[in-house]
Amino acid sequence: MSTIMIPLIGTFFILLLNRFSNFRETVTLITSILLFAAVYKIFICVMDGDRSELLIFSITTGLKFSFHVEPLGALFALVASFLWIVNSIYSIGYMRGNNEPRQTQFYAAFAIALSATMGIAFSANLFTLFVFYEVLTLSTYPLVAHRADPNARIGGRIYLIYLIGASIVFFIPALLWTLILAGNLDFKMGGIISDVASPGTTGILLALFVFGIGKAALMPLHRWLPSAMVAPTPVSALLHAVAVVKAGVFTILKVVIYVIGSDHLLKTGASEWLIYLASFSLIAASVIALTKDNIKARLAYSTVSQLSYIILAAAIATPLALMGAAMHIVTHAFGKITLFFVAGAIHTSAHKTRVSELNGIGLSMPFTMLAFFIGALSIIGLPPLVGVWSKLYIALGSMEGDNSWVIAVLIISSLLNVAYLMPIVIKAFFASAPKTETTNPISEAPWLCVVPLSLTALICLILFFLPGYFESYLTDFLGPK
Amino acid sequence: MSLILASINYWVTIILMIGGLYIVVAHGNMVKKLVGLSIFQTSVYLLFLSPGKILGGTAPIISEKFEVYSNPLPHVLILTAIVVGVATIALGMALVVRINEAYGTIEDDEVHEMEQD
Amino acid sequence: MEFLQEQLPALQVVLPLVAASLCALFRFGYLSWLITLSSSILSFLVAVFLLLRVLEQGIISYEIGGWSPPFGIEYRVDLINAFVLLIVSGVSAVIVPYTQKSISARFDSTEQSWFYCMYLLVLTGLLGVTITGDAFNIFVFLEISSLASYAMIAMGRDRRGLTAAYQYLIMGTIGATFIVIGIGLLWAMTGTLNLYDLAGRLPEIKNTRPVLAALAFLTVGVSLKLALFPLHLWLPNAYAYGPSVASAFLAGTATKVAIYLLLRFFFTIFGGATFFTETPLPEILKILALLAMFAASIVAIFQSNIKRMLAYSSVAQIGFIVLGISYATETSLTGAMTHMFNHAIMKAGLFLLLGAIMFRLGSVKIEALSGIGRKMPLTMAGFVILGLSLIGAPGTAGFISKWYLGLGALEQGEWWILVLIVSASLLTMIYIGRVVEVAYFREPTDEVVQLKEAPSEMLWPAYLLIAAAIYFGFDTSFSADLARQAAVLLVNAVY
Amino acid sequence: MIRDTIILRVVIKLLLPAILLFALYVQFHGDYGPGGGFQAGVAAAAAIILYGLVFGVSAARKIVPQKFLFSLIPIGVLVFSGTGIVSWFFGANYLDYSPFGSDSKSGQHLGILIVELGVFITVFSTMLAIFYSFAGRSEILSLDGDTDK
Amino acid sequence: MFSVGLIAVLVSLVLAMVRAIMGPSMFDRVLAANSTATLAVLSLSLLGFVTGRPDFLDIAILYTLLNLVGTIAVLKYFHPGES
Amino acid sequence: MVAAVIGVIRSRNLFVVVMLGGIYSFLMATVMVALDAVDVAMTEAAVGAGMSTVLLLAVLGLVKTREAPLRHSPFIPLLVCFLTGAALIYGTLSLPPFGRQDTPTNQHVAPYYIKNSVKETGSPNIVTAVLASYRGYDTLGETTVIFTGGIGVLILLSTSRRRRLKQSSDEDSST
Amino acid sequence: MLYFISSVVVFFMFWLVLSGHYTLMLLAIGAVASILVVGLATRMAVIDREGHPIYLLYRAVWYWPWLFWEIVKSGISVSKIILSPTLPISPTLINLKATQKSVVGVVVYANSITLTPGTVSVEVEDNEITVHAITTLGAMDLEEGKMDRMVTKFEGGIGT
Amino acid sequence: MAIFIDILSWASIIIGGVFCIIGMIGLMRLPDLFTRLHGSSVTDTLGAGFLIFGMALQSGLSLTTAKLIIIFGLILLTSPVATHALAQAALHAGIKPKLTVDKTGGHIAGED
């Protein structure tokens, strides 16, 4: 199980190197590749049933600092590490393009964030997860406030207060309560409080967890995500589309499966209220996204709504729904990162940030906009793209749990997705470019940006054809009970 | 005579304490506060000494002429308390002198105002 | 060697006392520093050996002057005061190497030796109060440490240090006199001054009026020394305008000994569960603690002088500890004592770092610090880590103690207290955040631009504390577990 | 305020040695009557202070120089704590005077005497040092001429 | 027998105290303080005789000396301006 | 004695306060003799009347001797005093009766001292015996207190004048 | 040197009178103390002809009783004045010539004046003393110089 | 013989007490500072004298008597000095005594 340690050590190694060398980009790349390889090895072991655990040390009876490997964690780590490679390439291009200040601090924080993500993926109990969860928040804070101008500071401040605040005010009490109820905080299939907690307590506990994990950006607590858009695009891309928010929903999934136990939820129906809230958050976020003219803001709200899909599936808690949720983590990751890369590319080459300015940009930036089109389709969930499967499974899952009205919600939201994504595509390709642009034509983004976004778009396409592969991987551990 | 002495003692202790404390809390002059502080401390001495006194007993110095002696323990404690009190007051006085040189006044309120700017 | 083992309790206090006298005798700056350094380290070692002996043999009783208690004065060391001795002497041993640089820069040779003399006398006083088993002896040694700290604060660079010292003297003396009144009433009712002889005699006269009044006077007196919320007015100025070394040392030790006194009186002498919990005192303390946690934190947020901010933060953290005491259960007491331990480390470290900034920049106003994150990276990095520990972020010592305090509250089913604890930590995050934001996310002013990093001899002691703050976040065998054993002793009023 | 009248000078010269002797009497008769280190220390200091008041602080400083006085303050405490350390050498607990003499009673008696001497030294030197600081300061200020006297 | 003398002295003490508190000028108070001191010494001695421990005269001696020190200190440091 | 305290409260001329302080501490010494506390009386007379009067006067030589009139309302101080006083009255009311030998105060530790002090320490004055030997450590602490106070005063007052002048310029102005 | 020895003797006597217990150790301490004190006093230039007027002692035997008698007489007269309802006082200020040769003599004279109730020596300069008397009559008596002669005689004329 | 001494000491103590009170009454009744000086000297000399004499009689030829004599000697030495210093200080502070007759013609010793 030393493989678990490699990524963490690797990350810290980057931290040191970054400080001194000026070829830090290449170092970041090498480390990300190394990390991906290590995680891939774990992924393979997990495939053939390896569930070993590694205890670092225990503070007192209830608190242990330990890791273990399970399919969901491995999957999440795999996606995160893969996208880190892609993002590293992209950020080299972006950073060079916009000559952002203090890049060493940027990459160092990035590396720590990734090691924290690994920590979250592989933590064996709520306490270890909580530690890395906090480290992730703290390491991403300098990234958000990277530009050090006033609104970057305000954005950073809101980011910190929401996340740390939510985790302190709700997460810690939830931890404490669980510890008292269950005597320990370890993840165990089928939950550790299933026999101890009454429906009422389970409901409140779930609420504490859901609101405690600010990173899942559930509706009332979502404000930090759009305001964090002040950060440079590679930051918003990787962290907000992949690592940070995914860590949030990943944690919720872990809590639902390993702490409270999906069967227990079904039996007690304690997550009924969450279904309604998630659905509302789903639709409301999409509507707001519609109104947003700034590309990154629109994508941000789109993320909020997509995350609610996963929370919704978790709330439904039927095996199929949970499988859908896990799959949606992957599909949304690839889809949304492509869109963010495109937004970044547009910003680098065309210095445009608003949707209304995008008329005819497709002509001058064909590849970028094509990738945008593919990504958008995957988010919406149309057939040739992988997004469709995850939404399908969530729909099947909802039927399984006899709240089939959820399907209607899914359809409405998909329509809304179309409403706020497709106009951009149409405007880019079919509207004529405004006069001023003919004088200084917009060139395509640097290849360093275009290649990664095309790659991620391509993956959305490829994964579409491997649903069976997904299914077999997840079923053996989720498996219909 | 003894009964009066008994109640007087405790009442005097209480009056002295309230008087001393009042001076410290109410008055602004730093020197006055220190004097009040020493009076407040003196009230404690009576609190310790009165229970120690035995009517008909004499001072705790052994001599053939007497057998009944008052309790020597409070005397030891109060001797220490007096000395500690003076050390504190002396230090307080030194502080007052330095404050007077630094601020030109030893009135609480005036010093407070000067500290605001 | 065996003889020396027996004499450890006396050695603990005599060592710094003799050292202080030598400093005042020779009045040569560097020599005094050497004397202070060696005696601090030695007294720390003595504390360690004492702790080991207590763990081995249980409670040690030492008769001073060879007279058996209650006729002579007795030193009695059990797990509780061994633990506090460790904190006090540990923090002092760490701070001494730090002092050389800043003190020699400001004072001439005689004044330096007098400063070290005062430093050692505060140490002597605090150790004396912690280790003694005699009520009046507590008062005497409390006055030694108080007088020495008044003098030390008055040596601050800023003239406001004088008024701060004066206010501290007035309130401190009133506090001490209240304590004496308390002791007097107890003596008048029992005739003895030995704490444990007293504890044996109290149950029969438990709810007579003088005993209750004594409890009240003692509590108010110690709260004054402790700067518990309504009686904390002297602390902010004292820590802000005194020399940074003094603030670091006092913040790390003085309030802790006052807390020890509360614990000792409430649990060991007044019988904890049998008496203390029956009086309305726990409720009052809980309210005061919560007030302290919130009011002080809020005020801290609006401070422009960071040292004052940390001073208010101390008042708030003391609120946390007293909250733990007010529950009087094993877990909450463990939380209180662990927080005492952790807070000593954190706050001493923070003040040392501020001292380094003061040494370089000459000011600790929050605006003056903009952009300092890059110019003094190690100092500010240390500040962030300790700030996190103060908030109670996981992976630091602060988390452990807040965890136990929270657990303690929850065990009593008072989950709303948990929410208060948690939101108070949130307030802590805000004022720490303010500093971090100014330090890292603002353009450096021209003074800050040509700043150099703090000198190494000021940094490594601070980093020793920072390492401790992190280490005790993970391995709590010395902090929380010891505290737990001590808490067991307290709850069952074992002596 | 007082002009240096001859009456004061003559009488003080007469009284000073008497006060000092009385102070020493009080010091060594602590065992048999009221008195001891503290009272004697204050009395002796009062004598020198009287001399200082009448003949001026600088004159008093010639009698008991400031530097010497500052060293005296810790010496008293060292005498006292030293006695305790001596008990260690005799293998007894701290401040146990019993082994000092042939039998424990004479040992205690001697111990008490030495300890009281330590107290006398510190009390005397501290009280005098405090007087020097306060009185000395008013003279420095008056030399500066910035006080209204 | 001595108690009679003691009472007489105490009466005079009270009278002296009145002057001490009322005394218009500063000097009246110093005078009253001096008289109080002498009377005090006498009362101490008488008290010693009343309680049968006449060997406590040391306190009286000490007090006489200190009173002189005090009086001279007052006169030395007194600012005429603000009497 | 109570009259003296009231005089101190009322009068604004600090000299008067000092004079009354002297008389007050002497009367306290007399009361102490009445309570058989002979050593204490001597100390109070020596320290209270002698030293603090001289020190106070030395200070008045340096400081303005008029007290400024009272500014803020005396309500809070009265409240504080009232509460403390009430607590003290509550506490002292049922203390053991005055002057009786059979109270625990005088039965528990004191008899041992009275019986054995001459035998064990050879000093007829029990107070000196207890002070120097039985509770010798308290006296060591007390001597250390004087030592601390003394050095504290020296730190403040006898430091070189350079420091004194620098002290007056406010820290913030000299960044 | 003579003064040194005589003072030591006088102070040792003083010690004996004070100390009630004559054990060997205390006597030894007494002797040491006296020498110490006198040593310090000489350092203070206090022990000299003026500071230690031992030579006056044998003449004091007859001067002091006379002075007591004077004090009693004038004390009674002042008491009468104080007790009488009309308070017959006639405060007078006069200057007197002091015929004493040595400073100690003048001091004895001034003190004797102050000691006797009814008259107070208010100011002393070399040989001139300003006296405040409660009654003009008292001032007149003083002016006769009876006391001045007595003191000069007491002084024994060997003054330096 | 013993009775005679008792009566004598009784008498002198009473006389002493009376003189003390007279002195203090003087302190109260006399109009200005300088006249009050005389009142206080009555107490200091006669009052103290007789009281101490009475006490000395009671303790006979013993150490206590010696101490009593020392105390009386001290009083006789310190009281006039203090009174004189006080009078002189008052004079210099500008407090004019109320005089019916002033033979000094405004010239105080030492001022030319």
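A, B, C, D, E, F, G and H label the chains in the order they appear, each numbered from 1.
The criterion applied here is as follows: a contact is a pair of C-beta atoms (placed from the backbone, for glycine too) under 8 Å apart; a residue touches a chain by one contact, two chains touch by 3 or more.
All values reported here derive from a predicted model rather than from experimental measurement.
Peer 1: Supply the minimal count of touching-chain steps required to go from subunit A to subunit E.
Peer 2: Step count on the best path from subunit A to subunit E: 3.
Peer 1: From subunit B, how many touching-chain steps at minimum until you land on subunit H?
Peer 2: Steps on the shortest route: 2.
Peer 1: Which integer distance in Å separates the CA centroid of subunit C from that of subunit E?
Peer 2: Result: the chain centres lie 48 Å from each other.
Peer 1: If you average the CA atoms of subunit B and of subunit E, how far apart do the two points sit, in angstrom?
Peer 2: 20
Peer 1: Report, in whole Å, the distance between the mean C-alpha point of subunit A and the mean C-alpha point of subunit C.
Peer 2: 45
Peer 1: Averaged over CA atoms, how far is the centre of subunit D from the centre of subunit H? Could you give it in whole Å?
Peer 2: Chain centres of subunit D and subunit H, defined by C-alpha means, are spaced 32 Å apart.
Peer 1: Can you pull out the residues of subunit G that are in contact with at least two other chains?
Peer 2: Within subunit G, residues 14, 18, 20, 110-111, 121, 123-124 contact more than one other chain.
Peer 1: For subunit C, what residues touch not just one other chain but two or more?
Peer 2: Subunit C, residues with two or more chain partners: 17, 20-21, 24, 64-65, 117, 136, 140, 143, 147, 150-151, 154, 159-160, 162, 181, 185, 187-188, 193.
Peer 1: Got the subunit F residues that touch at least 2 other chains?
Peer 2: In subunit F, the residues touching two or more other chains are 18, 34, 36, 38-39, 41-43, 46-47, 50-51, 54-55, 58-62, 88, 92, 95-96, 103, 105-106, 109-110, 113, 124-125, 127, 131, 133, 135-142, 144-154, 156-157, 167-168.
Peer 1: Give every residue of subunit C touching subunit A within the complex, in rising order.
Peer 2: 388, 391-395, 400, 403, 406-407, 410-411, 415, 418-419, 422-423, 425-426, 429-430, 433, 437, 440-443, 474-476, 480-481
Peer 1: Which subunit H residues qualify as touching subunit G in the complex?
Peer 2: Interface residues on the subunit H side: 19, 22-23, 25-26, 29-32, 34-35, 37-39, 41-42, 45-46, 49, 63, 66-67, 70, 76-77, 79-81, 83-84, 87-88, 91, 97-104, 107-110.
Peer 1: Which part of subunit B faces subunit F closely enough to touch in the complex?
Peer 2: Those in contact with subunit F are residues 2-3, 5-7, 9-10, 12-23, 25-29, 31-32, 35-36, 38-39, 42, 45-47, 49-55, 57-63, 68-80, 82-84, 86-91, 93-98, 100-102, 105-107, 109-110.
Peer 1: Which residues of subunit F touch subunit D in the complex?
Peer 2: Interface residues on subunit F, with respect to subunit D: 38-39, 41-43, 46-47, 50-51, 54-55, 58-59, 61-62, 119-125, 127-129, 131-133, 136-137, 139-140, 143-144, 146-147, 149-151, 153-154, 156-158, 161.
Peer 1: For the complex, which residues does subunit C have touching subunit B?
Peer 2: 136, 139-140, 143, 147, 150-151, 154, 159-160, 162-163, 165-166, 169-170, 173-174, 177, 180-181, 184-185, 187-188, 193
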